Amino acid sequence: MEIQQWREFLIPYEQAVQELVIKFQNIIREYTSLGQYSPIEQVNGRVKKISSILEKVDKKNMELSDVEERIEDIAGVRIICQFVEDIGTVVDLIRGRQDMEIIAEINYVAHKKASGYRSYHIIVKYPVQTVFGRRIVKAEIQIRTLAMNFWATIEHSLRYKYQGGLPQDVQDRLQKAAEAAYHIDREMSSIRSEIIDAQEAFKEKSNL
Amino acid sequence: MEIQQWREFLIPYEQAVQELVIKFQNIIREYTSLGQYSPIEQVNGRVKKISSILEKVDKKNMELSDVEERIEDIAGVRIICQFVEDIGTVVDLIRGRQDMEIIAEINYVAHKKASGYRSYHIIVKYPVQTVFGRRIVKAEIQIRTLAMNFWATIEHSLRYKYQGGLPQDVQDRLQKAAEAAYHIDREMSSIRSEIIDAQEAFKEKSNL
Amino acid sequence: MEIQQWREFLIPYEQAVQELVIKFQNIIREYTSLGQYSPIEQVNGRVKKISSILEKVDKKNMELSDVEERIEDIAGVRIICQFVEDIGTVVDLIRGRQDMEIIAEINYVAHKKASGYRSYHIIVKYPVQTVFGRRIVKAEIQIRTLAMNFWATIEHSLRYKYQGGLPQDVQDRLQKAAEAAYHIDREMSSIRSEIIDAQEAFKEKSNL
Amino acid sequence: MEIQQWREFLIPYEQAVQELVIKFQNIIREYTSLGQYSPIEQVNGRVKKISSILEKVDKKNMELSDVEERIEDIAGVRIICQFVEDIGTVVDLIRGRQDMEIIAEINYVAHKKASGYRSYHIIVKYPVQTVFGRRIVKAEIQIRTLAMNFWATIEHSLRYKYQGGLPQDVQDRLQKAAEAAYHIDREMSSIRSEIIDAQEAFKEKSNL
């Protein structure tokens, strides 16, 4: 495909990302204007670069005609939460929506990748209206805590810079850092629930 | 209703406006990246102010409970075109979409208002997904040329500033200005089609 | 220059456009939050495309090294006003600013171009801070009414589509349309000042 | 002060935040278009809410007339970096700019707060141009890593929700979490520099 054809191919994916980002950002606005805690802290989106798509085609030994079917993260949305428990709340919100259809869920929070990576991935089918009619595209929604995002951002950055592959000892240290980050995540959650518990105990007492 | 209740009431309308604006702006991007002329020049949106809603409630002697049903422009989107003919193209694009349902069309281009106002209005039902489930809201889409928009912006501005009502002679002069603006619009269109005709005549000749 | 070098060359111009657009849009916000009429209706900006720069280089027979000095509209900002008188107000606002330095003013409102084009152009020097230090770039600010903008947008669009040059009779008709648009502009202004006059006369009477 | 007066008071701060955010985001764009690693990962900004300003006035027992002089974070910008070393690079970039004047630097990275909080704070004077002339406002720029930001976001959220004050044992646990987060930060940096060292060693060898 020529550059121009790629650009046309990516148009519906760009639309999908823009619409999905707006929609998830509106969840934050909704909770905020109701004066409630939002399980979503931040939303970002991006369309995969042509060069990255081609790399994946190469690596997976695909036909170009399979790109649409087999590369599921051409449209990518990232949802960042404060606490680990918020991830579940967000997953439920997405399951309850009628404007996208979930085709897969991969729970890398409970079952981390070998690298140490944690996130909850949902693949959806999302309809966009183009000038030539309705098109249904796939999009990958990644849901993760601030700590998981911190680790993933740095790991990505290291992997990107040192393309030859990370030496084994660096990989080991990254894995340990991932565990340490996850440990803080759970510690933060337990502080949170401990305070909630304490407040409820107090309320009960004062109701006696 | 209290301010806070109004804010909550307006949330789905704000979402609708944001999504619709993004969607119509993407039509411009689509045509542009295909290297084609876009029938849409510009897209804006706004949610009606609470004070304006209350004014309308008062003027039309409505119950507050009728607001949702009877005020159709709480969510408003404005699409600006270069040429009068583009309006029809945009109307057809909207008619062909599956993500909104047209419930009314009012052709103030062919049948101007007494004030001289021209625009094509489409009222749609548009589904938004809130934290509490799916909500269907009404939105008004106004489609007009740059010249119609120029006139309407100034007329609105005059009407707003001189709230007591415009004196009859000013109204007459505004009507004439509207006609003059529409005359330029048709002149611009005829120049456009004349050039297209001339080019086609030339092509035919050179094909002899 | 290679594409990459052009991209680097254009970075400070992109910064300048972004900053200038934000700054002029803030003038609208300032008037609006003071509950006052804003002399600015709308602000847009764009950086000249590389292909358009090269065309100009070609047409003017320049050296590439002269681009920065001689092409003054690489960074371009457009300010749209409702009424002709607003143009003067905006010019004064720009003259009073200390964050940009005016190096030229061209009054195409009073002295229209042969084509019929009207706008007020101000060329400024504007400092941007890059990673490599402070850079001063030129930017062209075009100030025009909605009606002037309507005409200019359509004329640009016609000129662009029919690149061989517009036939003389089309040019004549465009010129007439420009005059008609300007006539409406002055008519709109006179309605406005007439209402203001009428209101002041009324106030005086009631003060007797 | 009435709400309306507060709104007017905050206008130049809103301008400052918007301009500063655009300017720091442009640093990311600059590095990216040069194909280089950006020491800035993300930029956010906000104007302090009126209610928070009043709380601070109350707590510090200030006169309202002292707000402008004594509250230095009415305009707030947050710069997020990947690695601890990037903070220094960003500080140097700010020190080198001519469009803002540094009036204070507080190094909470080297010298954490009692709570465990880490960030580098820079207070600047920044000139904005209003309709009524030039105004110089103060702004606080916070520079921190993703990990410091993760911790600070959650701590803020806990503090906000449990307003009565955090119990001592929760404070202790938050402090430990802050230390753990900082430990990961340094670990990540050491992995980074280790890889760089390894690559340089390799280059030297291959140059023999």
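All chains are identified by letter, namely A, B, C and D, in their written order; residue positions are counted from 1 within each chain.
Note that a contact is a pair of C-beta atoms (placed from the backbone, for glycine too) under 8 Å apart; a residue touches a chain by one contact, two chains touch by 3 or more.
Values in this document were obtained by computation on a predicted structure and should not be read as measured data.
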### Summary
Intersection of contact sets, chain B vs chain D, gives A, C
### Message
What's the farthest chain from chain A if centres are computed as the mean of the Cα atoms?
### Response
C
#### Entry: Centroid distance [mean C-alpha coordinates] between chain D and chain C, Å
36
## Note on the structure
The distance between the C-alpha centres of chain B and chain C, rounded to whole Å, is 25
### Message
How many angstrom lie between the centres of chain A and chain C, each centre taken as the mean Cα position?
### Response
42
#### Entry: Contacts with 2+ other chains: residues of chain D
none
### Task
Pick one for the touching-chains graph, please: line, ring, star, complete, other.
ring
#### Entry: Pairs of chains satisfying the touch condition
A-B, A-D, B-C, C-D
## Note on the structure
Touching chain A in the complex, chain D uses residues 37, 41, 82-83, 145-147, 149-151, 153-154, 157-158, 161-162, 166-167, 170, 173-174, 176-177, 180-181, 183-184, 187-188, 191-192, 194-195, 198-199
### Message
Residue numbers of chain B touching chain A in their complex, please.
### Response
7-8, 11, 14-15, 18-19, 22-23, 26-27, 29-31, 33-34, 93, 96-99, 127, 129-131, 133-134
